[in-house]
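One chain, subunit A, links the two complexes that follow: it is found with subunit B in the first and with subunit C in the second.
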Partner chain A sequence: MYFFAIDLTQTTIDGLLFGSTYALVAIGFTLIWGLLRILNLAHGVTVMVGMFAGMLSATIIGLPFYLGILISMCAGALVGFLIDRICYRPLRAAHELVPMIATLGFWILIEEVFIKIYSKFWFRDYVPFANPFDGAGLEIGQIRLRGDYLVTLAVATLLVIILYFLIYRTRLGLAMRMIAEDHDIGSLMGVPVGRVLTTAFLLSAAYGGAAGYLLGMTANLAGPYAGSQAVVKGLFSMILGGAGSIPGAIVGGLSLGVLELQSSFLFSFAYRDAIAMLALFLVLIVRPQGLVGKRTADRI
Partner chain B sequence: MSYWFTIAALTGVNVLLAYSVYASFMSGQVSIGQAAFFGVGAYVGASLTVLAGFDLMSAVLVAGIAAAAASVFVGVPTLRLKGYHFTIATVAFAEAVRVILHNTKYGRPRASGNVGDQWLGPDGATGFRHIGYLNDNGISTGQYAVIVWSIVLVVVVAFFLVERSRIARILRTIEEDEVVARSIGVPVARYKVIAFVCGGFIAGMSGALYAHILTFISGNDFVIHLSTIALAFVVIGGGQTMWGPLLGAVLLTVIPEILRPIREFRIELFGLLIILVMLFRPTGMISAITVRRWGSALAAKARAKRPTQAF
Partner chain C sequence: MSKRQKTELQTIKLRGLAGALAVSLIAGSTVSAQAFQDDGTIILCSIEPLSGIGTSFGQPNYLGKVIAVEEINAEGGIEIDGKKMKIKLISEDDQAKPEQGVPLFRKCAESDKALVITGTQYSRVTESMWGLLQKKVDDPNDNGLQVPSMSFLSMKAGVTGVSEWGFRNAGDEPAQHELAIKLMEERYGPFKNYSGAVEANEGHSVAAWKVAYLKSLERRNIKPSEYVEWYEADRDFSVQIRKLKRANTDFFILSSHVQANVGAMLEAQRQGFKPKIILSHIGSDAMEMVELGKQSTEGIVFPTAIHMAFPPPKVKWLADEYKKRTKEAYMPQFVGLGYEGIMIVKQAIEKAGIKNRPETLAADRRKVRDQLAAIRDYKSFAGMTLNMNANRDIVRPTYLVKITGGDFKLYWTPDKGFLF
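Here is the complex of A and B:
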């Protein structure tokens, strides 16, 4: 019983630490959903590009960790810029679904091109990703905290603090909050809506890129399909916490991490995703706005 | 030739899938989870013919009913809410269904078969193999394409009739403004749920038909990609009239096949096509205005043919 309790705590802590990458992916989703009400299906591409930029800088060039993260964020932001210019900017006047379907096209196109390029260079499903914190760790009593997980949590926390500062302490954040309420009124008040939304795309994609780096580093691997997996995880973290809300994305990401690890620990690895998704669906039935989301629309 | 019959049958399946999205799309409810009902239909339909000895048509019908039941389960709690909660819930449900299908195992051992391939019925991650109904009953791919397309025809005619009825007006009113619809006495939630459940039924039938073409399905066939592509059929074809889903599904299924000579790049071209159509025709290929214009052109032609009316 004692050991069981130790294991349970260990799994929960690992889940929380690992869930912070899910939270980063979910923040990227939730920024775009909150401002534009579109699911940015191409978000996985930014995660994938971030992961590969990180892999190149860490494994091939051998740059230190903090530079690698910055490079990944820049690479992700570049993709975000493309998404804005190709899938969103020209379609601002159209129905919300139109840019969303355009991001689906972008996702299919870029992922396929990327896989072609990838398989020209490497002939296997994964390439190794250097992990400078491999084997390092911190022991507290009988609980062991993995070094790379701790770094992940630290980076995620830092990025979340920066995000909060941007949103609640700067004019840009004020403009974003205005736009989230109403685009037209925002633009009447003199908010440069287009420019703010481009910044939001850049920001969201930069966070996706950082998540890509951290996912690759903790797994020690980089693969071309990581983006699609990240789309699913990030989307579900966002939904679980509450679509469009930043605290929601954080709570959702951490809970998804805990939920996944706990269900593979308590039940079985095979049903890990099924249990997580069913829990999510039940949450949605009881609280359709997510765990911490606000109910934006009135009940009819 | 049988290759093109298979493509024809798959096109029919995709047309049905597009209409399943369109059913609730008419009331402004966007589902990104039709893959769930498609998957439920595929598993139920295949289990009925393979394990329970049903004939194809009743298996397809029962599959549709099972998927409709699943959509009641999703629709009733979420469609009473306004806004985007419904869309989000469909995504989550679809993923839950995919993972569950990916892990189910039932059925019975197969008499013949190689080692490691002796199970009839869904076998967890290995998937559901040997859906041999068409082969066992000597149905050729051509005949099967005819069966699929006759079901498609029934569905298209049904939508054609609905589109001209009071029901479509009500659904479009709900799409436009739910408060207005309520104020004129429309039971909004009931209409939305019924439309969505009809969509679920069509998706279930389509899934069962799909399973019998492929003869092999697994939970991973029903990923989020499939749901979004089903929605893309509608948005690219045009969601304002019933002709959009038909055109969108046919084009998006046939074009990648025609592109087969340059097969290496066909998926990229498919993605590019989606972006280009959205950039240049944001209302979809067929908008309501196109239909009206063509309709009046046809009417003018018909009038011109009647000389007595010319004077």
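Here is the complex of A and C:
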């Protein structure tokens, strides 16, 4: 019983720490959903590109962690810019399903091309991702907090604070919130809608890039399929927490982390994802707006 | 934006598009299959995972085939009807996905008109591809494809049962692991707690656990102390490793492939989980185990079919060839299996007495198939004698490898026993 209690606590903490990367991916999704009501299915590409940019900077060039994160965010932002210019901007006037399908096409195209290029450079399924915090950690009695997970949580927290500052303390944030309510009114009020939306794509993708770095670092490896996996986890987190809500993305990501590990610990490894899905169904039945989303259209 | 700027932007976009197209075309190019055998070539197909999750196994296997084909062609080719014909190896990439492998298999059989199809690595893909084949030879009610196919891996027990046109050169996995457990017990036993970890979404690992490891344990009246599962793409193994540690596991069976293995072993290192023995399968035979896993993978033991430390000079030559082409210091067994597999197919073609003409393709395929089924006392380049059994599996001796000092060292051989 003693060990059970210890392991239960340890698993909850690991889940919360691990879930912070899911939250970062979910924030990227929720920003675009909140502003445009489209699912940016190409968001996984920003995670993958961020992961490889991070791998190149950390493992190949040997840059310090904080620079690597910045480079990953820039690389992700570059992809976000392309998504805006290719998948959204030319299709603004079309039905909202059209840009969503365009992002799906972009995702598949980039991933396929990337895998082919990757295979030419690396004779491997995965490449090493330097993790300077591996082995480090914090012992609190019988509970051990992984150093790299703590760093992940710290970075995620910092990025969330920055995002809140941007949204609630700057003119850009004000413009975003106005556009989230209504594009036309925003435009009539003199908000440069196109530019603000491009910024939102850059921001969303930069967060995806950071998530890619952190996912690669904590797994000690980078692989070309990281984006696909991130899309599933990120979307799940967003819906669980409440689509379009930044607090929802955070709660959803952390909850998913705990849910995955606890279902493995308490029930079965084999049904881990099924249990997570069941939990999502139950949450949506009780609260269709997600764990912290509002019933009314609360966009960002 | 000015008109000039717009034009420039359009030019950039077009260039970008053209560039992307060129990259994808170059990257995805394979040997064209327009010609048939009558232009003086024998067409063989190779389907392997050359990109994606199976790259670690597929690329080395394919390179082994390429080296063999180049060697055969450099010697003039295969003698058919008194005339030397070169081999044309058509390469396809199944990305370890059944839905990709199946149409490629059909393409190789129908459009490319390959005499023999070699591949693939992942059992789930091989089973799916071979599902297109006629199940029983000469069954008039079965209009499945009739082309001999040989996989140089697909370790899952019973894969060749899918079709009598399917053959395998990889080894008998249940026998391999029975031997490995016996040897480990003799040398390091007795063990108190046997536990297993299985990659639950990977057919071979699940089958290896059920058909090989679990059966071996049952024969010893041993019930696993702990059993955990994970998925190929999992990134957190903390719960599973904690359970294995809590079970005081001293004999750990790792039925899983490289990515999950690395993640799990790194977590084992973090948690201080150190069983006396870690027994794995061919999924651990990849450089990533030591490159990514570093110290955490030290001590893992797994069976192998061919190892670069085998005495015949040809093995060292192959390892050197492989190194020359890839800069890889370690040659995984898949290279040797690919090389050896093509040489086995070559011998079968030579003995079959085929005509290699469009109108004789069906008959030629049948003759080659029968020769593959009849392989007896084949002298492998790796120094062993091979035979095809009734299940169309090549019977071969087992060797053990141990990850030691960041290297894959030959650990046990049938003739010398433990080497260190």
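Basically, the second predicted complex is superposed on the first by the 296 of 300 C-alpha atoms of A that agree within 3 Å, B and C clash if a C-alpha of one lies under 4 Å from a C-alpha of the other, contacts with A are read in each partner's own complex, and residues count from 1 in each chain.
As a working rule, contacts are C-beta pairs under 8 Å (C-beta built on N, C-alpha and C of every residue); 3 or more make two chains touch, one makes a residue touch a chain.
Note that the structure is predicted; figures quoted are calculated from it, not measured.
Using the touch definition from the top, say if A:T218 reaches subunit B (first), subunit C (second), both or neither.
Second partner only.
Touching A:L188 in the superposition: subunit B (first), subunit C (second), both, neither?
Neither partner.
Now for A:I239: first (subunit B), second (subunit C), both, or neither, which partner does it touch?
After superposing on A, A:I239 lies in contact with subunit B but is clear of subunit C.
Tell me the contact category for A:A270 with respect to subunit B and subunit C: first, second, both or neither.
The answer is both, since A:A270 touches subunit B and subunit C.
Using the touch definition from the top, say if A:P288 reaches subunit B (first), subunit C (second), both or neither.
Touch partner of A:P288: subunit B, not subunit C.
Identify the partner contact of A:D134: answer first if only subunit B is touched, second if only subunit C is, both if each is, neither if none is.
second
Just checking: does A:M1 make contact with subunit B only, subunit C only, both, or neither of them? Give me first, second, both or neither.
Neither partner.
Would you sort A:H95 into first (subunit B), second (subunit C), both or neither based on which partner it touches?
It touches subunit B, and subunit C stays clear.
Same subunit A residues contacting subunit B and subunit C, which ones?
109, 112-113, 116, 270
For subunit B, which residues count as touching subunit A in their complex?
Of all residues in subunit B, those touching subunit A are 30, 32, 77-78, 80-85, 88-89, 91-93, 95-96, 99-100, 102-103, 124-125, 178-179, 182, 188-189, 224-225, 228-229, 231-232, 235-236, 239, 264, 267-268, 270-275, 278-279, 282-283.
Which positions of subunit C touch subunit A when the two form their complex?
20, 23-24, 27-28, 50-56, 59, 95, 200, 228-230, 233, 235-236, 238-240, 242-243, 246, 258-259, 262-263, 266, 270-271, 286-288, 291-292, 326, 328
Under the stated contact criterion, what part of subunit A meets subunit C in this complex?
3, 7, 10-11, 14, 18, 109, 112-113, 115-120, 123-126, 128, 134-135, 137, 144, 146, 215, 218-221, 223-225, 229, 260-261, 264-265, 269-270
Can you list the residues on subunit A that touch subunit B in the complex?
37, 39, 41, 86-87, 90-91, 93-95, 97-99, 101-102, 104-110, 112-113, 116, 228, 231-232, 235-236, 239, 243, 270-271, 273-274, 277-278, 280-281, 284-285, 288-289, 296-300
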